[in-house]
Amino acid sequence: MEGYFIAIAISVLVYLLMASGLALQYGFTGLVNFGHVGFFAIGSYASALLALKGVPVPVSLAAAALLAALAAYPIGIIALRLGGDYLAIVTLGFSEAVRMTLQTEEWLTRGMHGLPGIPRLFAGWVEPRYIDLCILLLLVVVCVAVFFAIHQIIKSPFGRVIEAIRDNEVAVRALGKNPAQFKTRSLMIGAGIAGLAGGLQAHYLTFISPEQYVPLITFYIWIAIVLGGVGSLRGVVMGTVLLVGFLEGSRFLRDIFTGISEVQLASVRIWIIGMALICVVLYRPQGLFGKSAERKH
Amino acid sequence: MALLSVTDITARFGGFKALSSVSLEVGEGELVGLIGTNGAGKSTLFSVATGYIPAGSGSVVFRGEDITELAVHQRVRRGLARTFQVPREFSQMTVFDNMMVAARDQRGEKLANLLFARGAIREEEERLAQRVREVLAFLNLARVTDELAGKLSGGQKKLLEIGRLLMLEPSCIMLDEPFAGVNPVLIGQLCERIVELNRRGIAVLIIEHNLAELARLVPRLYAMDRGQVIASGTPEAVLADAGVREAYMGGVI
Amino acid sequence: MDLISIANAVINGVVIGMLLALPALAITLVFGIARFPNAATGDYMTLGAYTTMASQLVLGGSIVAAVLAAMTATAAISLLMYFWVFRALSERSHVSRLIASIGVAFAVRSTITFFAGQDQYVIDVPLVRAWNFGGLRILPTDLYIVGAALTALFVVFFIMYLTPTGRRMRAIADSAELAAASGIRARRVMIFLWTIAGAFCGLGGALLGIKAVVLPELGWELLMPMFAGVILGGIGSPVGAVLGIVTFSIAQEVASLYVGPAYKIVLAFFILLVVLLLRPQGMLGRPIAAR
Amino acid sequence: MRQPYDLSRRGFLISGTAAATLGALQAPVLAQEKVFRLGALNSITGIGGPYGPYMLEAIKIAVNEVNEAGGAAGRKFQLFAEDDQTKPEAAVLAVKKLVEINKVEAVVGIWPSSVGLATMPITNDANVITMNTCGAPEMLTENKKGLAWMFQASNAIFGNAFAEVARQRGFKRPAVMAFNNSTFVGQANYFKNAWESGGGKVEAFVIYEPNQSSYRTELARVLATKPDVISLSAYRPDATIILKEWFQTGQDCKFIMPGWTANEDLVKALGKEATEGLISISNVAADKHEAYKRFAAAFRKVAKREPDIFAAQSYDMVITLALALEAAGPQADVAGVNGKIRSVTGVGGTRVNGFAEGRDLLRKGEKVDYEGASSRLDFGKHGETVPDFGVSDIRDGKLVLKETIPGKLPA
């Protein structure tokens, strides 16, 4: 019984890590990143491949975060010269390009066959039955650390500038600061966090394949932060818990309502998410748990 | 040599020629006005000079350096700053934070320093806060230090914008209609501050609709109409110019 | 690669491009006028394909009647979503509209799968062989598809360039503020916009369903190439959208002869990047201010 | 229910409440008799959408059959169904839920190899039997506890069979087209290896991305090499488009395709003309086995269509499991049941075609050999099926069985 809840909690925390990266990018900087899963994928594969080559897992995780962050650099440079909608499309295209590359470059990634046998975190250190629990605790620590770091960034002079950028970018340029520079950094940090999340997930699942990294994951993260409330870390936490809770909780609907077919139930699940998204944007723009009103860009 | 010289600038929007061969100069520490009707191209000229709109042809030279191809923020860093017709305050931030953002090259803007130079950042923050208080006091904004900038009156926002520019320590500021939408009581105060700044050696170029106010303020004026400079000289000379009178159709003067 | 293969790839690119030109036009108009990238575009197409299939079952054989019924249905849904969602959000940030449009996309698609399931359908049209001109192959069905697309494009360009509503529409696309200042009533333009956008997505989806198979993800999968095509043509420019998507499709097809099919999407992404780097305004777009 | 971890408490509460409600609802059923808790993990949505729902139907039919016969070893099957969305990470949660919350003793109906590989560590840890249709060769090497049973022939065996058929039919210039996923790329590679180790040459080898509206350019690349046969590893949606486009070109060429794609559904989508002469390869079953006929009849009643191979395999999973349970007896644990799976399907026993028949023989102490609805079901040492393959041609819209070839692993 606990095992399942540990699994859900791990899932929540992995999503939460990704969401916190996106929260920094969108919630605090106003970057419309629709390619989050691309950075997540880079992190997963980087860490998995390195670990399979014998690199210690902590090192491979660090490399994963770094690599994902570096991957964001050119994207930022190119896309940030243009407006927000371009960034959305370029990042979406980027994540698809990453997936296709992972799928095609078999010499490196084994393509669609996926990577089995990725070293588990803590394997050999603790008894197998406690591994999941240890991964959960590690994720808690990582999440707390990441949240603390984001909090520190937001209230620093750097955070002040990104807040100003989100408020009025033209005025920031009028103050002699290059918004693209700040945005690129914010994009890179968020991407690095996503990469770290990807690495951690890879060492938890022990098997990854390119089809895990579809744009739907990005959209789930977006839904989580929009539901919870953009621009507040509390909203991000609540939104993620709510989304994963719903996605998982709806499994139990099937055990209760037997009359409805599985296909229909899956449809209902997506329908509820879609409707929730519309309704929150329409009627509660600050999100279910957010405080401040939405800002205009 | 002039501090800022704009030479033969042309700008187009689609088929519409917004500026044709406009030239203008601002000397070191000078106070210059720029008048013209709606659509005469004044704001466009500002935008070209500060880099928001690319110049079709012509050059912008600032302190002897050709800055025509530079990005906005690079021009600002060289000391050429501007305000906007519609104030662009950071509406969701406090007046204090608005000012703090403006200071240039802060250590805390570098992420590595957040890890390794926390003490230095704290020190710098204190120093900047001190300076912010001084500038706010100078602009009579001390009372609203902790208000959200979005809640200020139109005039206060204009003052705040000027305040932010002062944090940059620029050598030339370009003010786009600083008196528009400002209540008459504040206008006097604004004028006073602008003159005071100029007295401290900052060159000022002002776009204004309100001819009377401007004529009192500046010793030298340019007049624009339909994308061209049609007159320049002392306020009296410019206002007496036939072309200028025609452009304004006698309505305002 | 021999010339015939390249020519065939070009023909194929033109057909796919013309087909996608309809939803691409919807994307660019919505972007220009309602000011957001509409992520529901793909699922409106899917809806068009499914309603074509369904109305063919209900109405019997006539494919033309079925396609018209589908266009009506998607236009109706598109309008409904405007009145319920996008109108209310018109004063809010473009990101909020974008996110709402993702919600609309999910809702539309899941409603379809609720009733139609996940399995594929085919729209019943007779299968014919291609005309073969010394290796150069042209399909009669493709000609109908291109013909239908051209007719629809002709109609909308006629409306946009020669009627008052169309002129107003372009004025708003040029500058919403200016248009508002000059007293253009946006309401009618918006209704017209969403009707056209819906009908065109419906038609595009129907034609795609006829050409390929009808699946729940049919339109969603095409969002990325369509956006890339629109950007290539110059976002907000109607003629540019058509040219852009056709060019893009040709490039994709021809290139897949050389780089291998798996890299089609990667290639699309690189075309996008190169365009954005070299000519951010696209083929026909107005220059955007340097930042 | 214990909630030892303080973090994300609300997440626990949401799911926890649901679980508690669920427990309350099910309690009365559970109390009365000892049941065998069976999990069905199907790809209801995602790319498996065209197959998963029917696999679940087939599982339900089999469960009903077992339960109506009074259960296996006195235990009735209680079914818990989950959708893996054809995604490994969704599958991990789904299987955890099945194992931890529903306490299932076996999971059947796993379709894609990615899900099979991602869930194997979990089911192995929890000592749960899994039955799948995964074709990736890694399934065999990762099956370290011998708890996994592959009802579908592995890619290697399939690719070999394709090459064998191409050779037997006298084709000289084969080409390969495959959908880009692990199963089909594997199949395509094994085809190529098998063909080329026989001294031939594969003219064109194209792996295509799915979800396109046209595959004309990919097809043109293949057709340009003038192949006399194309090994097309595809699912129905892409196969429909590819064959439509091939037919439109008018170029003469044969296709060898897997049976789950080249079947009556494909004919329905494309018409008789375009599908005439397609060669369809599938685990032999099939339509000659009594088990298939009975299952197909039941399936038609529910689903209003013919079952595909995955549905037949899913049905066999449950029946096999039930027979093993019967053979192991009411007190047997999971390992005991697992140990009997080979014996109820292996050669040497009396051939049986259904659960009731097999159970009666088992109760008499006889050995049985279940002849499934999908194949004769003999498991190799890693739990793999090495079926015979039925080679059918599509003639006038109908599958006509031409010959049977023995399946074998590549040398």
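Read from first to last, the chains carry the letters A, B, C and D; within each, the first residue is number 1.
Here is the rule we go by: contacts are C-beta pairs under 8 Å (C-beta built on N, C-alpha and C of every residue); 3 or more make two chains touch, one makes a residue touch a chain.
Owing to the predicted nature of the structure, the values given are computational and were not obtained by experimental measurement.
*Asks:* For which chain is the distance between its Cα centroid and the global protein Cα centroid smallest?
*Replies:* If one averages C-alpha positions chain by chain, the most central is A.
*Asks:* Count the C-beta pairs in contact for C-D and for A-D, then report the pair with the higher count.
*Replies:* Contact tally favours A-D.
*Asks:* Tell me, please, which chain's centre (mean of its C-alpha atoms) is farthest from the centre of subunit D?
*Replies:* Of all the other chains, the one whose centre lies farthest from subunit D is B.
*Asks:* Once you find the CA centre of subunit C and the CA centre of subunit D, what distance in Å lies between them?
*Replies:* Using C-alpha averages as centres, the distance is 38 Å.
*Asks:* Taking the mean of the CA coordinates per chain, how far is subunit A from subunit D in Å?
*Replies:* So the centre of subunit A lies 33 Å away from the centre of subunit D.
*Asks:* Subunit B to subunit D: how many Å between their CA centres?
*Replies:* The answer is 72 Å.
*Asks:* Using mean CA coordinates as chain centres, what's the subunit B-subunit C distance in Å?
*Replies:* Between these chains, centre-to-centre, one finds 45 Å.
*Asks:* Would you give the residues of subunit B that are in contact with at least 2 other chains, written as numbers and ranges?
*Replies:* Residues 52, 71-72 of subunit B touch two or more partner chains.
*Asks:* Residues touching two or more other chains, restricted to subunit D: which are they?
*Replies:* Only 44-45, 49, 52-53, 180, 209 qualify.
*Asks:* Give me the residue numbers in subunit A that touch at least two other chains, ranges are fine.
*Replies:* Residues 100, 103-104, 173, 179, 263, 266, 295.
*Asks:* What part of subunit D is in contact with subunit A in the complex they form?
*Replies:* Against subunit A, subunit D makes touches at 1-5, 7-8, 10-12, 14-16, 18-19, 21-22, 25-26, 42, 44-45, 47, 49, 52-53, 56, 80-83, 85-89, 92-94, 96-97, 99-102, 113-114, 117-118, 120-121, 125-126, 136, 138, 142, 180-182, 185-186, 209.
*Asks:* Write out the stretch or stretches of subunit A touching subunit C in their complex.
*Replies:* My answer: residues 26, 32, 78-79, 81-86, 88-90, 92-94, 96-97, 100-101, 103-104, 173, 179-180, 219, 222-223, 226, 263-264, 266-271, 273-278, 281-282, 285, 294-297.
*Asks:* Looking at the complex, which residues from subunit A come into contact with subunit D?
*Replies:* 1-9, 11-13, 100, 103-104, 111-114, 116-117, 128-129, 136, 140, 201, 205-209, 211-212, 214, 237-238, 241-242, 244-246, 248-249, 251-256, 261-263, 265-266
*Asks:* Per the contact definition, I'd like the list of subunit A residues that touch subunit B in the complex.
*Replies:* For this pair, the touching residues of subunit A are 152-153, 156-158, 160-161, 163-164, 167-168, 170-179, 182, 185, 189, 292, 295.
*Asks:* Within the complex, which stretch of subunit D touches subunit C?
*Replies:* My answer: residues 44-45, 49-50, 52-53, 180, 206-209, 211-214, 216-218, 220-221, 224, 236-237, 240-241, 244, 247-250, 269-271, 273-274.
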